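Labels run A, B and C following the written order; every chain starts at residue 1.
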Amino acid sequence: MNGTEFQLDTILQRTVEFFTFKYDFVATTLAGAVLVGAICGLLGVFMVLRRLSMMGDAIGHATLPGVGLAFLVVGHKALAPMLVGASATGLAAALLVGFITRHSRTRPDAALGIVLASFFGLGTVLFSAIQSTPSGAQSGLNDFLFGNAAAITVQEVALLAGLLLTTVAATVALFRPLLLSTFDTTSATLMGLPVRWIHYGLMATVSLTIVASVQAVGVVLVAGLIILPAATARLLSDRFHLNLILATVLGALSGALGAWLSFLFTGFSSGPSMVLAAALFYALALALAPRRGLLARVLAAARRHAATGASTPNPDDDDRLFNDQTADARP
Amino acid sequence: MSLYSLFVEPWTAGDWMWRGVLTASLVAVSCALLGCFLVLRRMSLFSDALAHVALPGLVGAYLLTGSTGTVAMFLGAIAAALLTTGLVSGVKRYGGAHGDAAIGIVFTALFALGVIMLSAFASDADLDTSCVLFGDVLGVADHSIITLAVLCVVLLASVIAFFRPLQLATFDPAHARAVGLPVAWIFGGMMAALSVTTVASFEAVGAVLVIAAMITPAATAHLLTRHLQTMLAVAVAHGLISAVVGMYVSIWLNCSTGGAMVCVGAVLFGLAMAWTHLARALRRPTLTAPDPASFSSPPTLESP
Amino acid sequence: MPTNPPALEVEGLTLSWDRTPVVKDVSFALPPGRIVGVLGPNGAGKSTMLKGILGLMPRDRGEVRAFGKALNKVRGRVVYVPQRSAVDWDFPVTVNDVVLMGRYGHLGLLGRLRANDRAIADDAMERMAIADLRDRQISELSGGQQQRVFLARALAQQGDLLLMDEPLVGVDARTEAVIIDLLRAERDAGKTVLIVNHDLNTAREYFDDLLLLNKTVIAYGPSEAVFEPEALARCYGGQLAVLRGADGARHMLAG
């Protein structure tokens, strides 16, 4: 093994250091990671249920040209213009995906891929025009891609806290419109709800969240933090409001666990650590969830078998990987 | 700035121009061909997924074999791709997630794993993350160009030779299965081809831009036609134009070549979208009320 | 202005899908207090017409009025029940949650549900015989139960014009009976129901009026008058088969 130590006493010692905030930066790191996880988890429920799971990936990649533009306009590295630029291009990307889908034959998944890659391509052009290679300061790039929660500042924690509070307040206040527009957009439109504006509001919130989260999680993995806690919550509960609460809590826990892991071991960036933690929770739920988990299903099948004396076919038995898409052109 | 200096001179200043254009063209053609099938099956995000899971594939291959040679890399990428498709299936069936969410769950988790594997266990390997992400069209080695050329030829030959089965499996897999086509093998082969092409293209255009090379040409072609042969041809043309024009743009603006190619491709897509709207507006049918008395025979049904 | 405007007026409605006209120049007027069935072969544009009427699809041409006014002025009075396949059944909501959604139109953006709303929802569930299922997640229900949930939601909306897309597809006999009873009760209370239906055989029994559609209106009027061989032949073309059963009754199959 190179670069990383895995001795137990070191691990224990570092854990104690972490949770007793022995170093100043640990408090901000932990707070930042927990907040990022919580807000991504909460928004993730809406994104996944609206079939916009990969929008987080697209928005994340689309922040690159925004940062580049801020650079070009301001002339040097400054936080506020970069956040503004990143949010602007992120939101533009989100809206463009919808625009392309509505105004052409292009399907949402293709539109998403085009926007994701094109914006990122534009970003690489901008950065390469600014300096001779797109990588520039290597560590800066790595942080942008994979996150570095240890570098979160107190101001960013405050921003994240504000964002989380606002989102929770909006979710509570607009719970019913959000639920209806997510579940049944058609009925929501017919009942006169401002469905378009709800969508724009959600996209704007997600864009801000992603921009704020990139510092901790990195651009490439923020999508994982949006999807995984929501998917885990779905396995654990059939109630909408519980899904929201569980996803937020699971996201926060993933953040904490990830920050702890990246503190323990060098070579464990915070972004991948947080996503792995979230994936671990998902895997646990997949296996052990009360009704939807694998163990529960196996037990239920065994009970069915014992009751009827014959094996009943598994109703999920069809290969859906290639079958639940349909081609939409004539040969 | 004469036309000569803009268009002709780059070719005379050493061999990097034709090498770059050749590399980019090979990547563009290979990706455009595969991309058509992805877009038609609504599996565009698989290009995103495979581009990302190639990382744990490559790192895994390195950790297992100790080599960063081409064969090890390709095998690692294929293994990762097959693992991904298996896990996505499993997640769809048992994990309560559908469509894009299932793909996202699997590839973000695997990518996170890959990043940690790389930085924690394989930091001495010769895998430069920024190179993988952004590529370097002008600096591609001879053996890589040969690999890309072979890949391109194999893909072209396969698409031509197996056109009918591919067409049927793409548009109506149930029917294809019913007439005995080995649909699972066809899709497995496609996944393998995708992962190999993805990895081979990293060096040239980088991971994220491979996605553009696969989806944008196919999506543009899809806007303009619904016939598979035409779609493949248009996609290839789109890819080639993006490659050459992108190359020139990157010279004029002195910027990233891969990025310029992607931007040109996006502009072409936008033009195609504008064109379809223009065509629709010009072709708006003139409306006259049908005369009920003219129904001597039942009205024929056109497919909606 | 007529004192009793038609529940629904459609004039010259034309809709295209990808440059091909799917619905051409459809015009009709529904008086209030009728149950109207829309019949036609597959691909005739029935569902599309419904979506076009409601503004869920862009119109090439045409005007639609409900109760003499534009649709967005009478939102609370028009209720739409889509096809069952249009719903995400995996969504984490219970039957009760879905039926309560019928009351959201009356609440506005920030309103809260009141006891009255819950009572209306409970009553709707009782009428559709699903009260005992109220805490079940919607994917746990049978096809017929699911359809009844959506009808309960429609009831809870307390609209005056109901537009339904194939509500009787794939439902059990009991559900079908419950639904038809409900619709008759609504009609008797003065409401208007427009149903896109798939089955010809029950047309005369279930519907007061019939609209035969094959891209355009082939015939429209009271069922007894419209449901006759010549009009049906014009509507269905070669896609109609008439079988005579052992009991002498005629059974029709339409493709």
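As a working rule, contacts are C-beta pairs under 8 Å (C-beta built on N, C-alpha and C of every residue); 3 or more make two chains touch, one makes a residue touch a chain.
A quick note: this is a predicted structure, and the numbers were derived from the prediction, not measured.
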| item | value |
| --- | --- |
| Mutual neighbours - chains that touch subunit B and subunit C alike | A |
| Taking each chain's C-alpha mean as its centre, the one farthest from subunit A | C |
| A-C or A-B, whichever has more C-beta pairs in contact | A-B |
| Centroid distance [mean C-alpha coordinates] between subunit C and subunit B, Å | 44 |
| Gap in Å, rounded to a whole number, between the CA centres of subunit C and subunit A | 40 |
| For subunit A paired with subunit B, centre-to-centre distance based on mean C-alpha positions, whole Å | 24 |
| Subunit B, residues touching no fewer than two other chains | 96, 98 |
| Touching two or more other chains - residues of subunit A | 105, 234 |
| Residues on subunit B engaged by subunit C in the complex (per definition of touch) | 96, 98, 280, 283-285, 287, 289-290, 292, 295, 298-304 |
| Touch list for subunit A against partner subunit B, complex | 1-4, 48, 51, 53-54, 57, 61, 100, 103-107, 109-114, 116-118, 120-129, 134-135, 138, 141-142, 145-146, 220-221, 223-224, 227-228, 231, 234-235, 265-269, 271-273, 275-276, 278-279, 282, 286, 292, 294, 297, 316, 319-331 |
| Interface residues, subunit B side, partner subunit A - complex | 39-45, 47-48, 52, 85, 88-89, 91-101, 103-105, 108-109, 111-113, 115-116, 119-124, 129-130, 133-134, 167-168, 170-174, 183-184, 187, 206, 208-209, 211-212, 214-216, 218-219, 222-223, 226-228, 231, 250, 253-256, 258-263, 265-266, 269, 273, 276-277 |
| Touch list for subunit C against partner subunit A, complex | 18, 54, 56, 72, 75, 78, 80, 82, 86-88, 91-94, 97-98, 101, 104-105, 107, 109-111, 113, 137, 157 |
| Residue ranges of subunit A in contact with subunit C within the complex | 49, 105, 173-174, 176-177, 179-180, 182-184, 186-194, 234, 237-240, 242-243 |
